[in-house]
């Protein structure tokens, strides 16, 4: 389908010792006779200004449109070999051949064969490459929807507006401010970290309401989220019952948290008079307004005990297993409410580990200076009433102790409001569709809980990670939700204090405006933000099997009314999992398709069995396995010259046809190298490697059908640091195949 | 009449921490301890006492007044200052230990006949009497603290050393009769009496 | 990389660690022009010197690879290594910055082929391994180094060694005549992602880091456990190369201490918990003992702590170790202290002691623009003029995840500054 | 050339016929060679030491110090107050700092000082220093080396710094756990400083008297380690350390069956001998356990 104007050129580098150990003439011959390249040039130093100039001139003056650069790894010299106006394929002769094939004349033959194959593969690939033009949208919205009007939400809205973006803020209650409205003061954000500070919620709410760029919907919820980044169609249900619609570019979800129900802690006096949680204490302090803090019964509090980790860090499975992080600091803050008002009030904090990281240590010291006493102990019993008492094991004095108090404060945890848990949702919907009445009711109930009510087939809210928090799975990429253009902020993402929450909101807003900008340019979102390609499907060939829609890790694909896949390009992360899933191979990217890889597989010259030169195809994840192979090269480790490596965007994008084609063509084996899967998965497209394993577990029968041993196809989890290991694995596998003998398919291919 | 102890108990009711802050040398530092225990592990006499400094600080916060003031722990301080230089919260632990000991002693709660208490007392008296310490009288007093017979035993036990020191010119038998002294001993006595009066007034022990 | 000339629409990011790279990339992927300066020869910063991340035990280079890929794909970021900011004047939206560029003695022609390294015999301490081993004086900082270019150590410039390196290079990449350069540019906003450094363990005298070979820092321990490290991933004692099987971890080595760092460094507890699992991985019999004041692992990280607590090979002692002595017979450190939970005195012998050293801002001792606002531990809170921001562990002692979060926020704030200048100029 | 002038606070143990008499004796030659003049504070009184706490309490102890400071300020204005005994140095310096730190304490002290018709300037902050500080900071190691005529060749010495010469103040720039200055002085005299892990172990201080067994356990470590590291003698900057570590060796031998006979001398005695001082001038005749190696050199 390439226009006739296409002109293909191969540029071969003889630098970095390539010319010393490879017969360049042989490579040129391959590029000409088999690669059918119109232009073939060799340069002793292709990546230097002169070499690059040579290529640029050919592009400018000679109409070259497609390049095969046979030199070093695609990970090396990327800047030099960037030619934005043409399609480029890289044949890896350095890290992939000369650096890993054992030195010496006895290896010359296999080394040369390997290099020639890579030139063949490069030429084959480039023929199928189309330079992605991108898909600019004229009418793309850059408006930011913020869901939740608490500190996080307000901060996000203000942040986006300050950067010049229109904002729609939806808050379910009648006022902005969220939990902060119930608070008397907050922990200090800045040096000297000594005293509790006003929350500033009222001021921020006023700013936000007054900001012409921010449209605030109070008493409103999101009734539906449809569309994709750049064109999210949001239905906002108002108290009045009326529905207004907003077109938004990206979404920040800051739906906050609830406090853990104190009545679930009877052993700690939960529910008894004068035993309150931290929220309850904030209310009392707010009521006191700087004066003496009084209990519900009006009695002035003269002694107060704070019980840390109430219903938290619980490994029994009854209460919250995690630590909410802010509670130590919050209790310290609340203790100073009393001390600042009247230093004679006895304030004790009973803790196990006092967790005030960073500058919190200053706040801790400050409270000690004010006379707050800290006791390392485990509280076993609290009784409320006219005179409360707290029984605990003093871990320092190593004895049971009971202290009386007018008021007891339980430091309970944060419970996220992240919306509906998707597995629960899927199960419920399935049951409901089978006519289960209870399930139908539950479904309506869940819809009420849902924050975004997304119309995605994967469910109405963003996926939750653990304990109901919608956190990112990635340490290096804390904002990576699995729903493109929707970013979580604040305590619904992870338990946190107000300072972290406001920081978090600003970060999430950064990602949101970025998503809106990229959607408008037709560019992918993280991790392929530079990528202008996007998947298209030849629907005439589609069998409506739905695998692509089901397997897409990002919920990018819906079904149209005729049940054909409907690609939401702006949701797509360009991993190619859909391409790997498609049994009829109708899905492809301009620069990455069944053909771009398939033709490389076919291009390899597979020797006959009598030559005793097995061929092994390696399909390697380009983020971890391929760099690991490069590392092996950089460390000058050697591995078998019988392997041919093709980098893939993700193991999830591997279409089984490549494997069957390879084995059918007489390859002796296939190694699939992807990222770690399972709970601590490393796959940057979440489910890619997992899907690959799942699909390939089913390929055994196909192989049997071809009369092949299942061992001829192996999958491996490879980490980027596995340079040495990967070389070893290759050599072991090659040895194993030699043991097995050549593929019976040889000669039929 | 009520004892100093009873007065203190009445004044601070059950808040021992407040009492310590008001009456003990550097006592206001006690609340800053974070229970890391570095002091406990740093003390050369650590193995020999009941409560470590950090534990005593915890006991003070827990209001264990009797236990603390009657304990012999702070009397075990050799003034090596290890705890003080290592404390991550910069508590002047050595001074607090001395202060607690002194306070307990002034209230008459400290363990009777605790040997270190005895020498501390003897040293001070010796220092005060002539304005300078008279080592011979000081050591003899030390030997004879448990009565004459034991004293002779102690003295004999150290006789070799004593004679050695005399021979080396580092112990002067004549000091029994005459010894080093300041000219203005009477002034010094008045000065110290005054100082004590001021301190007692400040600590409410008058 | 573009040769884009900086304007007051440009964002300058100082520091090429994970926070700096993140701030630069987030802004650039939002269409902004960014200059990213790094004082060392490569991007990657401290995280590239870690073996694994907690709590997932995944590899820092994995995220680094993605960020480098983002960088290669983005023309908006201009990277300058071996470059430091020597002065900043002006105010929000209009800063004049002076940069000092140190000579690398290797130019863009380098292909990282390694011939110069082969030609040189002189060795220098390997910074990437905290000096635990040596590298040739012509070296690639590490396998993931970016730019992927060699560096010549100044010590061999003007020596026959330097000439040998020059002679060995077929591509004329070795330029021994390079000089320090100074350049001025205008930017609208500055993100300080200058990161942290481990607190100098020599200053923690009671623990004898300066006197006992088998007392090391947590950062050195990371390198010992890393297959790319000096011992190929074996936990061997620096003293005698014997495998360590009974390891003590001393928490708050410098942190939470008025004599050293006043703040809590946050990461050390989780780092040590992670280290106990390295120990397990290396030898199923090996024992770890953690001496701590408080175990500070918040939110979901608590899971990791609870799992380690279940590990029979790991024990916890609530105690700040008083001092470390030496068993002169076998060079084993002996830890002296008191377990404060019930007051138990100990004198415990271990074969290796790892000091969980605190985080100190890298800028301590560096002259910052007086516009910068620092907290009591010299972390960057922001700037009086409002156009400069701290990011990552330059702003607060943070773990990687929070550092990236902070850097993303800093990028947002810079964009706000740029927007304000743009709109006021338009008006 | 003019001599460096210092107000001198000898302290009780350094008086004639007292336990550290030989320490002071050994100052003589050093002061001559290094042009140091020590002017004794008239009618100085006991510094009250730390052990005074039981009966003394806080203010009386500080007032004892205050009197010395006031006398020094009156009679020897502007001269740093130098003492050879770390306990005295510590007490004087502590008194100065505490009084500087708290105006109320200063007022109280002055109220008491009225009784001896003295007054301490509220801005009094004259330095109280240990004699080692004078040598290290004002003379310097090079300066200390200059007069050396009899380098102590082949003498192996364990530098025992102890507690109060080292904590809480110590010598500027030195570590509390591993101070180097005593070793440097040893080397300055031409002797060899052996590695010594008991450098800063407490000798029991005043408690050696009242808790002999507990203190002697520590002293046994201090002396034992000196033997283990091949030392001929121990050197110390502190009279109390010197007395405890020297005097109780015979006791320990009796109780523990050890054969300790380790000389314990002062750094000043080393310098003195190195400067050519005689056995008498160096106060070596004041040793319970004679330091033969030094005496041999001094005798030459």
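For reference, chains read A, B, C and D in written order, and residue numbers begin at 1 within each chain.
Just so we're on the same page, contacts are C-beta pairs under 8 Å (C-beta built on N, C-alpha and C of every residue); 3 or more make two chains touch, one makes a residue touch a chain.
Only a predicted model underlies this, so the values are computations on that prediction, with no experimental measurement involved.
Peer 1: Quick one: which chains contact chain B and chain C both?
Peer 2: Chains that touch both chain B and chain C, as defined above, are A, D.
Peer 1: Measuring centre to centre, with centres taken as mean CA positions, what chain is farthest from chain C?
Peer 2: B
Peer 1: Going by C-alpha centres, which chain would you call the most central?
Peer 2: Given all protein C-alpha atoms shown, the central chain works out to be C.
Peer 1: Rounded to the nearest whole Å, what is the centre-to-centre distance of chain A and chain C, using the mean of the C-alpha atoms as each centre?
Peer 2: 24
Peer 1: Centre to centre, by mean C-alpha position, how many angstrom separate chain A and chain D?
Peer 2: 67
Peer 1: What is the distance, in whole Å, between the centres of chain C and chain D, each centre taken as the mean of its C-alpha atoms?
Peer 2: 46
Peer 1: Pull out every residue in chain B that's touching 2 or more other chains.
Peer 2: 34-35, 54-55, 82, 85-86, 89
Peer 1: Among the residues of chain D, pick out those that touch two or more other chains and give their numbers.
Peer 2: Within chain D, the residues that touch at least two other chains are 176.
Peer 1: Could you check chain A for residues that touch two or more other chains and list them?
Peer 2: 354, 376, 396
Peer 1: What are all the touching pairs of chains?
Peer 2: Pairwise, the chains that meet the contact rule are A-B, A-C, B-C, B-D, C-D.
Peer 1: Which of the residues in chain C come into contact with chain D in the complex?
Peer 2: Of all residues in chain C, those touching chain D are 205-206, 208, 210-211, 323, 325-326, 328.
Peer 1: Can you name the residues of chain A that touch chain B in the complex?
Peer 2: Counting only chain A, the residues touching chain B are 346, 354, 364-365, 368-369, 371, 373-376, 394, 396-397, 401.
Peer 1: Over in the complex, which chain B residues touch chain C? Could you list them?
Peer 2: Touching chain C: residues 34-42, 46-47, 51-52, 54-55, 82, 85-86, 88-90 of chain B.
Peer 1: What does chain D use to touch chain C in their complex?
Peer 2: Of all residues in chain D, those touching chain C are 175-178, 197.
Peer 1: Quick check on the complex: what are the chain D residues that touch chain B?
Peer 2: 12-13, 15-22, 43-46, 48-60, 62-64, 67, 108-109, 111-117, 163-164, 167-168, 176, 201-202, 204-207, 209-211, 214-215, 218, 247, 250-251, 285-288
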